[in-house]
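Dropping a structure here in structure tokens format, bear with me for questions.
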Amino acid sequence: MLNTALVEQFLRTGRVMDILFLIFVWLFVIYYITKAGRGAQLPKIRRIAAIDAIREGVGRAVEIRKPVHWSFGNAGAYVTDQNVSETLAGLGVMSYTVGLCARLGARFIFHMPGNPEAIPILEGTVLEAYSKEGKLEEFDRRRDLRYYGSGMMVFTAALAQSFMTEGVAMKIMMGRQPTCMYVALEAAKLQGAIVIGGTARWTAMYSFVLTCDYLFIGEEVFAAGAYVTGNPYMISSLASEEMAKYACIGILALGIVLSLANINFAALMKN
Amino acid sequence: MSTTIRRDLPILLLAIVGFLYVAEWFFGGNVIPQLSTFKGLMGTMVSVIAWTAVGVGTIYGISSEYYLVRRNRNWQQYVTSGSMFLMMIIMAIIWIWQWSGPGRAVGYAFQSPEWRWWLMNVYSNQTQAQYAIMFLYQCGAVYRVLRVRSMETTVFTLAGLAFILKSIPLFLTVPGVSEIGDWVQGAPTLGGTRAATLTASLGALVIGLRALVGKEQTTIEVK
Amino acid sequence: MEQKTEEKTIWDKIGTIDYRYIYVFSLIMILIPIIQPIGIPMKVGSNAQTWHNTIVNIPAHSYILFNYYVDLSVWADMGPILVVTLNEVWMIPKERDVKIFFYSSTADGAVKMRDLLVTLCKPPQWRTDSYGTTWVDVGYIGFPNEAAYASFVMDFKSLILRDIRGTSLLDVPAAKEMAAHAAPTDVLTAADFDLLIWSSWGCTDPDMYVRQFWASGSPPYHVPMLMQTIGNCVPNVVPYVGPDKPIRAFIPGAAGAAELEMITGLKGDGTKMADATDLGGVATVILIALGNIAYLGGRFLGKKKEEK
Amino acid sequence: MVDIYTQLGVLAGALMIIGQFTMLWKDNLYFRVTTRIVVGYYMMYMMCYYVAMIYGRTWNAMTVQGEWWWAVAIFLGLLMYTRISRQYAWIAKYPMSIALGAGVGTVSVALLRAQVLDQITYTVTDLFTATSAYALFNAIVIAVALVTTISYFFFTREHTGPLGWSAAVGRAFIMCSVAVIWAGDYMWAMAMLSGVLSYMVNNFIKGLMLGGPIS
């Protein structure tokens, strides 16, 4: 259907559909960002219960004088590959949590993942949140930042130890997780903590379903990352995600119609 | 000036590298081979940057442990933190001592009998013990969570049970167990997994695009 | 102030058993067959049978690429599959002239393989004597990410320069012969192999292996695969499994190894663990039943009691 | 006769296992020490391993082949250490931005084909290549699951009316999918426990304490 030889002079083989889809999403991202820039009304985002629960958890931490623990998993803060989005979304929620802790006076402990290259952005986000609340002096790196390397079960054991010795009022875990982070989540639960978390890495989702009081399911992680910032550009660009989803359902419907008309949909999509 | 150097230039750098990666995806290979060369080189360079930064994490790890010792001056803390420092020293000594030698490759230390002893007896058993604990924790969850309380927990319980029964040799002798397990795995699970992967990818994609145009707050406002 | 304590019903008691008792119960159930094997009968599934048939019926003069992946932290679950598979491969008769290329993508693999080759997976004497001509082992190739694997399938030299004995890769006769199998004849690529046996407990790895060893290449390499994995990766593997799909068969964990051991008659740790899995499964069913009896009893029968 | 190093190894392994298991009861010094031992081991392992990787990848390339740009990469990596100083921490943003740029560039395109477009294509082709009524039924279930689960992830509309129903069905599929993954993991963890117990019974008790063979 397509003049492949002609297209391949300008584009790599099998990338036509990719570029069309990307342009489609990109146009909507730019459209909504521009719209937000003009001060247009932001799209309404449905409530994500886990976000409300974070405020409740921080309040509880102040009440019972136990810390809030945050982690990204043993190596969950990827910045150099396709998992970077999950890190950025997690950082958005972390910034919100740290801000609440600083404002209400709860102690925040951050068990950093074993990705050393991510440390600048991880620590930077914590500093930024404290500084926004004007309480930078309350943040002590040596006291509140922990590092154990990236060994999976070494990390879970170290977390469990920290929960037992220092106490835990709320445990939040986001970022790309392996399934064995279940041990850390359950250890927090057994210590009586409110457990909140979620991941877009579907294989590990069960750990959260079984242990968390409040969940971010799959893509909710990304939506939450934008939502909590209150940044109009980020919230408004969420609408472009919805457009992409409509497009996916549309392509599915189109595929069914074309296949019924005996047109080879799979071959068309290979372009 | 300060904002330009501290914030704007890094964002610009991010966007340039990011856009070149995107361009390579569509126009690399035979169309513009230089883009693929750039991506190949940049991939390894980013790895080298990450490897070089490993000490930052170690410094943070040591300093927070040292802080704990200073704050809690009791014998239990000395023993706990001391065991960590001692272990680091032992491994460092083995590594330097066994780094290489006549007829050995550089980095031989990881294959040396001394390193293997610690790996296979100490690290490996600690890790396996944690996995075993994970199973016991999950037994607790099986009893506590898998109850037919709501639509979600009912589906979770039934689907999980179908797969567990299918995976246990003893239950495979019961007619129908294998077929039900296969169906749960092959139809509803596949559909759910497919959709969850797809939507998560769209979410990730939009964050990527937002960061490329400099509107992702987490990459902008970092102290 | 004196607090009035509510009397617990039988349903409450069944539903709120201390978690430590649950741990002890599960531990005992798993421990029983380890102390005294029971030998509960089992059935061989189609996956294990296909796996076995693929290795046993491999055509003469084939080339097998074998990734002996070992992560010591999950050795208990994946080790038995590697042991039985390696022994199965060693059992391929000499007359068949099947050549094997071994590598490891984990540092643990390179360490463990040394032990295995002199203990549980000793090659037959004729294989030992003909190292270099009937098989080659290149050891640990580093921990490759997808970009590295993309180069690897195009040219093994991008990650491997020498075999474990220090011989330059294409100076090893077996490797040289394999390289000549498919074009380009002086480069060792994925196209040179007729079967890839690999393992991983990374659940997204099947996507990568399929992309690299099946879909990439021009024409595509289409190397059929046998995959060893762990239980929770099954949903990620299933989409690629079938007689005309990239993965011909897969073995999930020690329970799968037990089936393989049953077919081959090479009894090992998998069989021992099958008993434990059986009793563990029974424990699981009991726990789910207890929880639900307590919940449903409390909900339907507990209320009636209150009404009385 | 088993050598002393193997015997000591079994003893060390058993002590590590018992130490870790004590966490099931409550916090104690023994558990803390065994945990700190592996934390120390792993941090040093990462350090040594990465230094070996840097050396292996760059040293020969720089000194023999004259590929000077690896020195730039190492320099950029060293800039990450400015993070330790509050005053110069911002310098680390430069190497960080390069790393982030690579990640952001990858995520903006790499997922499109395999995780989005191919998934839709598979769903359609499954429907039209089904060779039996059972396969067709399954393909329909998969298509329904895909659409309803996507509908659960709509954020800009409240889940009421038809969308509410669709999202509820989607949630059931999500739970089904998560449950099967959990069940697989559960079986795996069970095998791990039996492996640990087997080590304790056969190597520690029968082997080391009763003088039997150690495997």
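Couple of notes before you dig in:
So that you can tell them apart, the chains are marked A, B, C and D in the order they are listed, and the count of residues begins at 1 in each.
We take it that a residue touches a chain if its C-beta (ideal position, glycine included) is under 8 Å from a C-beta of that chain, and two chains touch if they have at least 3 such contacts.
None of the values given here were measured: they were computed from a predicted structure.
Taking the mean of all protein Cα atoms as the centre, the chain whose own Cα mean lies nearest is D. Inter-chain contacts peak for the pair B-D. The chain with its Cα centre farthest from the Cα centre of chain A is C.
A separation of 4 Å divides the Cα centre of chain B from that of chain D. A straight line joining the Cα centres of chain A and chain C is 31 Å long. With each centre defined as the average position of its C-alpha atoms, the distance from chain A to chain B rounds to 14 Å.
Across the assembly, chain C contributes residues 19, 23, 26-27, 73-76, 231-236, 239, 252, 255, 277, 280, 284 that each touch 2 or more other chains.
In chain A, the residues that touch at least two other chains are 18, 80-85, 114, 116-117, 119-121, 124, 147-149, 151-154, 157, 179, 182, 187, 202-203, 205, 209-210, 217-219, 223, 238, 241, 245, 248.
Residue positions of chain D touching 2 or more other chains: 20, 23-24, 32, 34-35, 38-39, 41-43, 45-46, 53, 80, 83, 89, 93, 95-96, 99-100, 102, 104, 106-112, 116, 120, 122-123, 143, 146-147, 150, 153, 174-175, 177-187, 190, 192-193, 195-197. Chain contact summary for the complex, chain A toward chain D: residues 14, 17-18, 21-22, 43-46, 78-85, 114, 116-117, 119-121, 123-124, 147-151, 154, 157-158, 160-161, 164-165, 179, 182, 187, 202-203, 205-206, 209-210, 217-220, 223, 238-239, 241-242, 245, 248-249, 251-252, 255-256, 259, 265-266, 269.
By the touch rule above, chain B contacts chain A in their complex via residues 25-31, 46-47, 49-50, 53-58, 60-61, 63-64, 66-67, 71, 123, 126-127, 130-131, 133-134, 137-138, 140-141, 145, 156, 193, 196-200, 202-211, 213, 215-219, 221-223. Residues 20, 23, 26-27, 31-32, 34-35, 38-39, 41-43, 45-46, 80, 83, 89, 92-93, 95-96, 99-100, 102-104, 106-113, 116-118, 120-121, 123-125, 127-128, 143, 146-147, 150, 152-159, 174-175, 177-179, 181-182, 185 of chain D touch chain A in their complex.
Chain B contributes residues 40, 43, 110-111, 116, 119-120, 123-124, 127-128, 131, 135-136, 139-140, 142-144, 146-149, 157, 161, 164-165, 167-173, 178, 185-186, 189-190, 193 to its touches with chain C in the complex. Within the complex formed with chain D, the chain B residues making contact are 5-7, 9-11, 13-22, 24-26, 41-59, 61-62, 76, 79-81, 83-88, 91-92, 95, 106-107, 109-110, 113, 117-118, 120-136, 138, 142, 151-153, 155-164, 167-168, 183-202, 204-205, 207-209, 211-212, 219, 222-223.
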